[in-house]
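Chains here go by letter, A, B, C and D, matching the order in which they are written, and residues are numbered from 1 within each.
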Amino acid sequence: MKPVCLVIGAGAGIGGTVGAKFASEGYHAVLCRRSDKDGLDRLVEGIKTAGGEATGLLLNAIEDDAIENAVTHVEQNIGPIEVVIYNLGAQIGDRPLEDTSYKAFEMGWRLATFGLFRLAKTVCPLMAERGSGKIIVTSATAAVRGNKGQHSHAAAMGGRRMLCQTLNAQYAPQGIHVTHILVDGAVDAPDTLGKMLGPELFQKLRETRGAEDGLLIPAQMAETYYHVATQHRSAWTHELDLRAYSDVAWWNHA
Amino acid sequence: MKPVCLVIGAGAGIGGTVGAKFASEGYHAVLCRRSDKDGLDRLVEGIKTAGGEATGLLLNAIEDDAIENAVTHVEQNIGPIEVVIYNLGAQIGDRPLEDTSYKAFEMGWRLATFGLFRLAKTVCPLMAERGSGKIIVTSATAAVRGNKGQHSHAAAMGGRRMLCQTLNAQYAPQGIHVTHILVDGAVDAPDTLGKMLGPELFQKLRETRGAEDGLLIPAQMAETYYHVATQHRSAWTHELDLRAYSDVAWWNHA
Amino acid sequence: MKPVCLVIGAGAGIGGTVGAKFASEGYHAVLCRRSDKDGLDRLVEGIKTAGGEATGLLLNAIEDDAIENAVTHVEQNIGPIEVVIYNLGAQIGDRPLEDTSYKAFEMGWRLATFGLFRLAKTVCPLMAERGSGKIIVTSATAAVRGNKGQHSHAAAMGGRRMLCQTLNAQYAPQGIHVTHILVDGAVDAPDTLGKMLGPELFQKLRETRGAEDGLLIPAQMAETYYHVATQHRSAWTHELDLRAYSDVAWWNHA
Amino acid sequence: MKPVCLVIGAGAGIGGTVGAKFASEGYHAVLCRRSDKDGLDRLVEGIKTAGGEATGLLLNAIEDDAIENAVTHVEQNIGPIEVVIYNLGAQIGDRPLEDTSYKAFEMGWRLATFGLFRLAKTVCPLMAERGSGKIIVTSATAAVRGNKGQHSHAAAMGGRRMLCQTLNAQYAPQGIHVTHILVDGAVDAPDTLGKMLGPELFQKLRETRGAEDGLLIPAQMAETYYHVATQHRSAWTHELDLRAYSDVAWWNHA
């Protein structure tokens, strides 16, 4: 029985690509996403065609028990979860305070912060009992600085980052490794950035940023996700950043 | 009509003391707290006896409309809110993940993060229309590092800090000044620390930390709260820290 | 005998203005600068005319023993140094690596980092023996992020900030308060910014940034310098930032 | 001709081990250290015995032209430098200010900050002309917080970190990737930690911290050094941390 890599938030960008990478390295990839069963099936088929194992699950992560039940289901029916990729985004575009509703603010927290807490509550005891486990969290620049228009996103991601720290503080000595990956740039992901911008702007951005690698390419990011999962417990990374060479780090001026 | 200093979270520690300071400087202090009407009345009377103006409001900040109605009530019946002290804490003591319930995690967010968002949604448009206003936010070390046992508190405070940044980013150019005060140490406050520790441990801590000033003394902290409220708009502080001389900064080893 | 406020780097901007503020509050201001005796005399006369006490010293801070001798001289002939304003800048404008000489890089370190170390070595033992003292350090955004073209400045200021932390870590319990003031914006200072830009560009910037208060105004900054010097030892600030309301915080996009 | 991995500071710990890793992946490892020719020869022989290519150079990095000449020599006689591991430490143990001489403070800067600047001045133009290159910098917790007794070390490392940022800011768009690796814990390195502690304390620490992997193991760290060198330019890491699972992150209490 292969160990499981559970991906919460598996679109055609980071989530699905990282899942495929882990599948190619011998994991059973369990891909969870909210909608688009066809897209999910394509991801699963792609992995199987390449000789890997994969399962797709449609679930709405913010619904009661959705994450919890997925974890239980996978552990009972597929295999022990060795790696979780927590990849739920909460970016809703730039919105001034007056256009950010209570509901939107709460939704950001439910996706980015509370969902990770629920996952950790469910999976950490299992991992701790086995003495090992990895939780790799996709995060955003908004976790470390709050820009104008990012009220919901920044508050949610700031909470997410602190939660990654508290989880490591409690669980690293028990063999659970949490990595906070600060994605500091636009990702070449049609399911998220592509939808937010629309096809024309998205294509234009791809061209502007240097043809093939001015944006963060998910398949390349996946190498780093996989690397941190293979780090020996004597040398773990808790926090790292990723950006394209042609981009400017968040701490520099734009 | 005096300008109003609205204090959300006005116990006998930081909140009440800062309110009294502003009252002594010519503000009408509106003190809001959840319970202990007697304690609240004593704070209000203390301010009046000293020649200041004050009003007490009992309100449960996490209830729907509580903060919003308080703002509206004050603006209509007392005076324009020039300063808000957002002083709701969310510390629930050190609790491992297994003892941190979903409810406790959400409560932390409601108090520390969402409450500030609701306040900002309500008061920022009023302040922006007047072209000036100050929101001074009491924060905690947990806003910048997540210790073991601080899952709820750190996630909530991390979100709070990012929200302060997004608010400044949008509203500073319109004359609204948000200051994030990182309280990096134990406060000599009977209503919070005293209750958490119990009278004996609290007294012992006071003695250990150097008799009169090893803990953060609210009346002294109030001087800095007041100072940032008086900063000229050409030289605003967005973030500062406070700790006792005898304490160790959070970034140093304990 | 009045306590002394020693200003290392006292031009017509922050240094001289902060010195004048302390003089107006009862300190003997000792103003040190490298050149322009006429300008220095004007600052001293201005303070005296306003009823304060002041002395001017010309010294080249990076010369051997210059800072050390100044401290000794002041302690022996003027009075005990209660406050030091360490205000030597090291900004040399944006220079790519190829245009940043070894000498320029070392000069940055000598001014921004090593000079503060030499000052601390000399004055901290005196302050520690008296059980109190304040060192207020003007710092820059470059202390927390390294922009293109800031190789010398950022390396020097990054070192300066860490040194402020180590000094507090050792000396705060002995009553010495070090404050790192991150000046995050252009200062309305003819001696530094004015010289760097030239009169025309400088005037244009003043107009663009909002007439009277789009730039950091030294007299307003001085209020915060003075405030931290008056903080009670139960509530000290180690780090704070200053910027104009109309400016963008360094962590936000420009 | 193999590409070169130049290691500045190649003892039996991180430096030599990372060099051996790169040699095993097809690089010619050029190992530079100040002294102990026998130890250096053993490292070189070890690499050759394993089938790799290596050269040893004895040089005193703080001497004028030592780094510069090494770069030139390697480029002319061995091959193009594709990767530099800048691994010079500057830890001198905990020393209060009164025991930290001007010379020790300057030495820290020369090793940790100025040496990296000199290296960058020499090698970046070569790498920029080739459109690619990697500079991987071993750094320390002291780069982000200044503890008591770390006056020299923290000031030097704080400067080093900012310099890594300025170098990326200028050169990343030209294909040069600088990574700042924050080594946040004790390394199982007999040449540095072993010498500082002495054999008995060193052995005791190894036992206390969990026998085989409570300390950072250089061979495991080397995997991460190598990984960042292989990152595709669409997904580069500028900063990451490393610590043992059993250790506490610097931002948490000790």
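Keep this in mind: a residue touches a chain if its C-beta (ideal position, glycine included) is under 8 Å from a C-beta of that chain, and two chains touch if they have at least 3 such contacts.
Being a predicted model, the structure only gives us computed values, none of them experimental.
Visitor: Tell me the fewest steps from chain B to chain D, where a step is a jump to a chain it touches.
Guide: The distance in steps between these two chains is 1.
Visitor: Considering only mean CA positions as chain centres, point out the chain farthest from chain B.
Guide: Between chain B and every other chain, the largest centroid distance is to D.
Visitor: If more than half of the interface residue numbers appear on both sides, call it same; otherwise different. Which is it for chain A and chain C?
Guide: Answer same: the two copies use largely identical residue numbers here.
Visitor: What is the distance, in whole Å, between the centres of chain A and chain B, each centre taken as the mean of its C-alpha atoms?
Guide: Using C-alpha averages as centres, the distance is 34 Å.
Visitor: Using the average of all C-alpha atoms in each chain as its centre, how far is it in Å between chain A and chain C?
Guide: For chain A versus chain C, the centre distance works out to 44 Å.
Visitor: Any chance you could list the residues of chain A touching two or more other chains?
Guide: Where chain A meets two or more other chains at a single residue, that happens at 145-148, 165, 168-169, 251-252.
Visitor: Within their complex, state which residues of chain C touch chain A.
Guide: For chain C paired with chain A, touching residues are 144-148, 250-254.
Visitor: Along chain A, where are the residues that touch chain B in the complex?
Guide: Where chain A meets chain B, its residues are 96-98, 100, 102, 105-106, 109, 113-114, 117-118, 120-121, 124-125, 142-143, 145-151, 154-171.
Visitor: Touching residues of chain C toward chain B in the complex: what are they?
Guide: So the residues of chain C touching chain B come out as 165, 168-169, 172-173, 175, 177, 188, 212-217, 220-221, 223-224, 227, 230-249, 251-252.
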